[in-house]
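Just so it is clear, A, B and C label the chains in written order, and each chain counts residues from 1 on its own.
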Amino acid sequence: MNNKTIPHMPSPPKPFYTRIKTWLVLAVVIAIYAWAFSGIPFTGIKQTAWQITKAVFNGLFHPDWNYVYLAEGEDLLRGLAETFAIALFGTTISVFLTIPFAIWASRNLIRTRLFSGASTFTLSLIRTFPDIIMAIIFIKAVGPGAFAGVLTIGINSIGMLGKLNSEAIEDLDMGPSEALKACGANRLQTIWYAIVPQAIPSYLSFALFRLEINVRSAAILGMVGAGGIGTPLLFALEGRTWSRVGVILLGIIVLVTIIDWISGKLRRRLVQGKA
Amino acid sequence: MKPSEGYPVKPSPSLKKWMTLALLLALLWLSVRETEASLSELIGGIPEMGKFIAKMFPPDWKYLRVVLKPMIETIQMAILGTTFGAIFALPISFLAASNVTKGWALRTPARFILNLSRTIPDLLFAALFATVFGYGPLAGMLALSFFSFGILSKWAYEAIETIDNGPMEAMTAVGANKLQWIYFGVIPQVLAQFVGFVMYMFEINIRAAAILGIVGAGGIGIYLNRTLGMFRYDQTVVIILFTLVIVLAIDAVSSRIRGKLI
Amino acid sequence: MIEFKQVSKVYPGGTVGLNNIDLKIEAGEFVVIVGLSGAGKSTLLRSINRLHEITSGDIRIDGKSITSAEGRQLRVMRRGIGMIFQSFNLVKRSSVVRNVLAGRVGYHSTLRTMLGLFPKQDMELAFSALQRVNMLEKAYQRADQLSGGQQQRVSIARALAQEAKIILADEPVASLDPLTTRQVMDDLRRINREMGITTIVNLHFVDLAREYATRIIGVRAGEIVFDGPATEATDEVFSAIYGRPVSEDERLGGRNVEAI
């Protein structure tokens, strides 16, 4: 088989219009980026930017350790404790408030399309609503402080939790529900005996996942006055006390890392079905 | 039939379970105290909230003209922030993936950077960059870049770790160097997924960008702060509604593109 | 007694599930329904407790029409009919006894069952049901720790705890191995004989049908094409039901059943 002649090379299967399409997409992308860059003033950087950067790093590497604990209060530890408290309490509230939404949004439990659709819409509206704006509204109601943060997180988390849980319910094995129906159980009994036990592991896992997000959220809600470590952080930034900014940043990093670690471990156990 | 004493007795839950429950309840109780939550305060505050919302109507639609430009700026910040985040996220996700980077000497620091950047919330980045680089969209763009970097690199490296080993082995077998190996063995498998992640990140960033202005980092959030400060809630509501419309519109477009990619 | 009167089922697409079925099943019978998959076995069985709705005709149980029953009435009728599924349909994360007690929920108020406050008689009923299927010592284990055969026996116990007068079993052994298949079928037969519970089983194994049934009903294309004692169901009869010779994978094998 010593065939020396070069066989006819097939040309790549790219018809004319596909190539045109590729070029068009590319042109659109380039245009979008040109437009995006035109909006950001790269030239107007503060003259002092470099100095401040150095100062920030200096502060990060020489944190104000005294701030960690102050006898008279308003220190880092108490700020972090409050941040965690806001996240935990807020998450707990949302975990309970989510239940009706999750059930109403599940298409396998609710036959009336209009009803489940309305719930899905409400959930996506809540998800879209920025938490900071919600915090501002709650501050108007209960005044500035941690409670406003709790309410914000409690309501704002419903959007995501409701969506995740209703999707999880839609994926459940409906066999047990059928069995319960065949036993003469009514709607509520069916949900309680066949859906709830199956849904609990993912329900808890989502709650933990949301707790991780909410700790981060609670850390910044203070910037608009809704309690937690955000308020002293904003003061430190405005007052250019970089060593204090440094210690607060470290505090947030440590808190978030610990919560992520614990929550991740618990979630892994839930997935394995040990709990 | 056996008497009922012969039936098995329900095993009582283990001590560990009780302890966990007790710990959780204690933490929760402390949280309630720490945050000074009170139902009466909430109920008492509802009229206040009602007044606040009542003042939003009728919305001052003419204000739309004023906030159009900052809204455009918000979108531009989100586009660039997502892009820069993605550019830096891809290489580090290769370093962090255990099936691509076999040695721990590179992988451990990569994971450390990745985890570290994920602990810092978007608004905090924004506040930081606003103080360093001055108020304006540049700070917002940088904040979103760092924020996206953390999240995207985590998604990407998790996706890389689940890919099929076959093509990578094939590249090893043909004697490819590391870069060729990644380019031909790994990237084709994760590219579509990664573009999907970037689009989704863009959706998240649009929402984030809208509020960064509260700490001075450009975009429409500055006007949010301004109208709230001047008690012009009828203008605030215009901003909120405008933001919601833009977010929902971009979500719709982006999720359609994502649907086509997969 | 279960009575079908001119029962038909037409699916929304126009496919005929059941075609004008007239059927009478006496109390205490052990009926096996055979037929190819898609012949309407499952539809026939599930129309008895209305897990499937029929489009015309009437189904009566002990003289009462389940077809026209609604709400509470329907649930009361359903709790008198136990059902056993191919995939067991236990709540895998719940304990065995809780799964069995689930059969009692139709007897109590919603609140009471949600709080798990079952009366002592119910507990005894659940335990004696478990004892009957030899699963008593597993009462407080989680259902997902059991083998397939054990899970199916728990679901039989659930039907017993219901104090059902009728048990419907929809392919109860299709996902079990030959040995456990026999154990489950033996349990069903024993319960049928000892407690006089009317038992209706869908099966696709020819030899099992002949071995356990007192009466065999052959279904083909939504119609009953054979109805008679198991002794009359020869290979020729099965070929007629299936529309082709009986193939080897429709026999479970094992015991010497060809002699029957």
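Note that contacts are C-beta pairs under 8 Å (C-beta built on N, C-alpha and C of every residue); 3 or more make two chains touch, one makes a residue touch a chain.
Treat the numbers as computed from the prediction; the structure is a model and nothing was measured.
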item	value
Of all other chains, the one whose Cα centre sits farthest from chain B	C
Identity of the most central chain, Cα criterion	A
Top chain pair, ranked by how many C-beta pairs fall in contact	A-B
Between chain B and chain C, centroid-to-centroid distance (C-alpha), Å	51
Centroid distance [mean C-alpha coordinates] between chain C and chain A, Å	48
Whole-Å separation of chain centres (CA-atom averages), chain A against chain B	6
Chain A residues counted as touching two or more neighbouring chains	none
Residues of chain C touching chain B in the complex	97, 120, 123-124, 127-128, 131, 136-137, 139-140
Parts of chain B lying in touch with chain A, wherever the complex brings them together	27-28, 30-32, 34-38, 41-42, 45-46, 48-49, 52-53, 72-73, 75-77, 79-80, 83, 115-116, 119-124, 127-128, 131-134, 136-138, 141, 207, 210-211, 214-215, 224, 228, 240, 243-244, 247-248, 251
Partner chain C, residues of chain B touching it in the complex	1-2, 4, 7-8, 10-11
Chain A residues within the chain C interface of the complex	175-176, 178-186, 188-189, 192-194, 197-198, 200-201, 273
Chain A-facing residues of chain C, complex	49, 51, 74-83, 85, 87-94, 102-103, 105-106, 110, 113-114, 144, 155, 158, 162, 168
